[in-house]
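Sharing a structure with you now.
Letters A, B, C and D mark the chains in the order given here, with residues in each chain numbered from 1 onward.
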Amino acid sequence: MEKQRHNLLTIVHDVAVFLMVMCGIVALATDQAHAAGDTIKVGIITEMTGTFADFGRHIVGGAKAYMKVNGDTVAGKKVELIIRDTTGPVPDVAKRLAQELIVKDKVDFIAGLGFTPNALAIAPLVTEAKKPTIIMNAATSIITTKSPYFARVSMTLPQVTEPMAQWAFKKGYRKIYTLVADYGPGHDAEAAFKKAFTKMGGEVIGESRVPLKSPEFGPYVQRIKDAKPQAVFAFVMPGEMAVAFMKTYNERGLAKSGIKLLSTGDVMDDAVQDALGDHALGVISSHQYSVAHKSQENKNFLAAYSKFDPQRPNFMAVGGYDGMAAIYNVIKQLNGKIDGDKAMAVLKGMKLNSPRGPIQIDAATRDVVQNIYIREVKKVDGHYYNVEFETFNAVKDPGK
Amino acid sequence: MLSLLGVLFDGLAYGALLFVISVGLSITLGLMGFNNLAHGVFAMAGGYLLVTLMSKAGIGFLPALPIVFCIVAVGSLVLERTLYRQLYKSTPLDQVLLSVGIIFIATAGTTFLWGPGQQPVVIPEWLSGQYSVLGLDLSRYRLFLMAIVAGITLALVFGLERTRFGAKIRASVDNQRTAESMGIRVERVFQMTFALGSGLAGLGGALGVDVLGLDPNFAIKYLVYFLLVVVVGGPGSVFGTLLAALLLGVADIAGKYYVPQLGAFIIYAAMIFLLLLFPHGLLGRRKSK
Amino acid sequence: MNAILQTRDLWKAFGGLIVTKDVNLSLAPGARHALIGPNGAGKTTLINQLTGVLRPSSGSVWLDGADITRIPPNERVYRGLSRTFQINTLFPRLTPLEAVTNTICVRERKRLNILKRRFFGVSRCSTLIDEAYALLEQLNLAQDCLVETHTLAYGKQRLLEMALALATRPKVLLLDEPAAGVPEGESDELFEVLNTLPKEISILLIEHDMNLVFNFADRITVLVNGEELVTGTPSEIADDPRVREVYLGKGH
Amino acid sequence: MSDTLARDSRHLTFLRARERWKPAEIAFWFALVGVYFVFPTNLIFVSQILITGLFALSLDMILGYAGIVTLGHAAFFGIGAYAAGLMAAHGWHEPLSGLLVAGLAAGIAGYLSSFLLSRGGGDLTRLMITLGIGLLLFEVANSATKYTGGVDGLQGVEVGKLFGVFGFDLYGKTAYAYVLGIAFLLFAFTRSMMHSPYGLALRSMRENQTRALAIGIPISACLTNIYTIAAVIAGIAGALLTQTTQFVGIDVLSFQRSADLLIILIIGGTATLYGGFVGAAVFMLAQDRLSNLNPQYWLFWLGIILIVMTLYLRGGMLGGLSRLADLYRHWRNKERP
């Protein structure tokens, strides 16, 4: 009896371990299946699940749209996307995915990267492995300084913020209140705006930082109302935070009492415009891309994107699109033989005709140089758009 | 002085919102003792139903509300029959896991059906904007919410204290065996209670989306807030939930207005503080042996 | 008198409800003392105050000449005050051997060194395990000592209740209705155990079964509405008209 | 056969058999050593599984063995991660001392917060208090951008060579050996503690608090104690993550991490010691595989797994397996009466 009991425990553990090892072997073995061939592999590290699944949807959608327009073969090589899910700003996962893409999948490029911490975490890896890495979204200035193999096609926060400050001053605003989401990018936007605006002689008469998890904007908006500025510069997370903010802003009658709302384009994200509805009408924002941008490239992009996603694309999708454009260009120039240093040499100074307008990757900083547009939210044919009305040409990242 | 009154109004209004989204949980958790973390799923269902009813079926905001309540209540019975019922007597941990599973499936399902983005919610013209009363600007929608809260509170307190059904619920909760021996069909009573709690969750979700927004992560994003209010109030006590909601609402708004630097901390700190003072909730009953 | 366990003017009220009213209980060393009274007389509340689960509103509890009113329950156990429960309060997924060994290890914890206490397997404390086994054997539980408690028959679980209390090596043992729920036929085993308990252990017995009480106790206290009605020898109690009134109603 | 002899061997062998390292356990750890040679390209993944498993083990100590439900365990993981990260970012690059400091910091936090848990109230109150502490800490790390880097993460974490010899490389070989070594040491430590009289007392507390108090166990002191030890181990797990990724993201403190951890432990099985590791392996492999197949619906599958688990597979994978073994025993007993 006792002996049996003992055997039993052993059996339980044996079975457990056996199962676990089998699981592991099966799971790990499926990894080894990728055969190297006449393909160029692009590993996309982005958010496919969780709260930020929208990031991945746009970035991957944009990348696929580019391949739809331009075919999946360049210089005789087939381009293959390998998409990996970080689940959010989780740098340890991002780093693991990057490592696996490099040593196991043997990718030629790494791309994607929705969040700054994810990009920063993989910097030492891509430097060590000499993998050209295209930042398709993450927007903190310092990113490109962390690895010589980083190139960015998206934007930096100061880059889009500064033109807003300049435009506001030009329009005669002198007293402005800033409201930002209480996290790194928010702090950066606050600093960039304040720096640019006060340098010209304007005054920031109040600053508020709103916690990320706050369903209630009432008290913050009330403080603004009490401070009576001429305008508010706002930077909050796109999504429900932007929606909640806009609603409160209107409900409390700030728009009616003549306090103009200025923001960057991430807040007036094209994808959430219809969710914002009338609340956002008349809001001025500065950004590199609007769905309403009038150009043939944009038309092509929108047509291709709609094949993958019934919803509207946004600037992240354009990041994905242009990132692939840059990669295609490199493949073409190097005739399919990808080498880290040569690829970076091609990327430096590369010019692209993007759906957002002309862009260039700065030869010195590997950061994007692009037009920044000032736009106003208008209702066109029953839908809401950011309509561009003024352009700041070839803006570099002032954060460097 | 004026700003103080304004802050107080905002706080109470925010409290009203917290109450509306949490009271359903207070019922399932407090009366039935089921740790239903999937409360937010019913709230989210309410939100999506409202949006769909209004945009696809062209039903107005007000008439849509009772429809949402009924559909969610009836729909919840399906889940009650198939899943919840089996775990009424399980440990809290099992109940938590089951309901977290439901949240995950609901999140994936909603993403599949509606996409991951924010849903637009349009409330009628007469509910948007503010009334100006004696120099104070009072939001119409918030006033509307407060009226609804008063209505729900009265209805629940009356319903639970004064009606036969209420008596049956209390009897079933206090002692299942005795209730059964008195001829009460406890199972049926629990079903009805569950439907009531879920219906209220749906209604709360529908009323809340204008302020909280609506996307597939709704259920998990606001989970903390539902629990916070209910646990602080003392599960099962409608008044406790109301009191906790108003208290936390005012504390949060006042804190954010007067000390905005600490905005993110206030509600959690208030919760921990209140729970240390009242481990069983403000008006919670100690579980008698 | 050098009582082993004593309460002095013990008083407990929940709000306006007085549940213990000036109780002065006193157990001599080696006593077999029974506490009886109708339902709701406050017997269990009194036990809870003795063991320290409840804090009395006023008055004090003395164990072996020391005031233990403000001492936490686990420390009272350490000083030799142990109890059983009216409703089985056991460790369902531990075996009786583990449960009793655990109790003995807790009792001996200040004598075990940190390595034995924290890092060496329980089986290294073989003398303690032998003691546990001997105790289980004494209570006729040896056959079942290696299966999980929840699989034991009810009567066996009642015995385990007793074993856990005895394993603390109490000076005073509080028995809260040890025969509760045990069918008539199976209670013999239990009574036998009660009768063979060593004389050094003083016992306070709460019981409804009057047969058992009158056979077992040498002193009896009757508690009514939280108040001590009378204390005396079994024959004194049997003859007391007030007790008859309480138990049999006025008509008799 | 002499009666005493039979008696002696019987009850002592029973306890000894429980405490002995089973062949399967030894195989488990050797298999992990084997991974180093067989799957050299997956080492980072497996070391992250080990770190999560270690973290889950620390949760098992308080949930499985002491019976405290917590949703804020990431707080200690995060404190450890930041402690190790801050040290490494400010010039102290030696990894082992980093682990020690991280464990110490997390332990102090665990010791202090354990007093908030002994205030009474039900599981739910404890759940909310732990959750609240976790959320507060997240906000603190988020606001203290100057020190923690906020949501952008703590940069400049440079970890020196292990024992001054082995550098952390691209393939994660050193990292793997390091993590495996530390995980094994802490596992052995926990294992022996759980089989000691102290572990027995903990289990009895989980089984029945009222009785545990009545046999003289100083419950709140024990809770404080185990909570502190669990916090130390969680902190070390956090520090391991920091040192192997050379980066600290604010997500180490996130609610998501606490919630995932709870799910991992439940999937694996509580109070089994190995449940955390098995759960971490299953969860992370499944997440990786399923989200590669169709990233959007990983949550859907996870939900299904959880529901099936609670309805039909209580006790997690290891619990289910032991029931399988029970069936097997019945079958064998029938075969050989």
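In this section, a residue touches a chain if its C-beta (ideal position, glycine included) is under 8 Å from a C-beta of that chain, and two chains touch if they have at least 3 such contacts.
For clarity, every value in this text was computed on a predicted model and none was experimentally measured.
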*Which touching groups survive when chain D is ignored?*
A, B | C
*Out of curiosity, which chains are bumping into both chain A and chain B?*
D
*Taking every chain's C-alpha mean, which one sits closest to the mean of all protein C-alpha atoms?*
D
_Centre-to-centre distance between chain C and chain B (centres being mean Cα positions), rounded to whole Å_ = 47
_Report the inter-centroid distance (CA atoms only) between chain A and chain D in whole Å._
34
*Centre-of-Cα separation between chain C and chain A, whole angstrom*: 69
*Which integer distance in Å separates the CA centroid of chain C from that of chain D?*
40
*asked:* Two-or-more-chain contact residues of chain A, please, as numbers and ranges.
replied: 2, 50, 53, 182, 211-212
*For chain D, which residues are shared contacts with two or more other chains?*
10, 14, 18, 139, 142-143, 296, 298-299
*Check each residue of chain B and list the ones that touch at least two other chains.*
111, 224, 264
*Pairs of chains that touch, anyone?*
A-B, A-D, B-D, C-D
*Tell me, which parts of chain B touch chain A in their complex?*
3, 6-7, 10, 13-14, 17, 111, 115-120, 122, 128-130, 137, 139, 141, 210-215, 217, 221-222, 224-225, 252-254, 256-257, 260-261, 263-264
*In the complex formed with chain B, which residues of chain D make contact?*
69, 116, 119-125, 127-129, 131-133, 135-136, 139-140, 142-143, 255, 259, 263, 266, 296-300, 302-307, 309-311, 314
*asked:* With touch defined as at the start, can you tell me which chain D residues reach chain A in the complex?
replied: 10, 13-14, 17-18, 22-25, 27-28, 31, 35, 39, 41-42, 44-46, 48, 139, 142-143, 145, 149-153, 155, 170-172, 241, 245-251, 256, 274, 278, 281-282, 285, 287-289, 291-292, 295-296, 298-299, 317-318, 321-322, 324-326, 328-329, 332
*Would you tell me which residues of chain D are touching chain C in their complex?*
7-8, 10-12, 14-16, 18-19, 189, 192-193, 195-201, 203-204, 207-208, 210-211, 213-219
_Under the definition above, what is the set of chain C residues touching chain D in their complex?_
51, 53, 72-75, 77-78, 82-83, 85, 89-95, 97-99, 101-103, 105-107, 109, 112, 116-123, 125-126, 129-130, 133, 142, 145-146, 164-165, 167-168
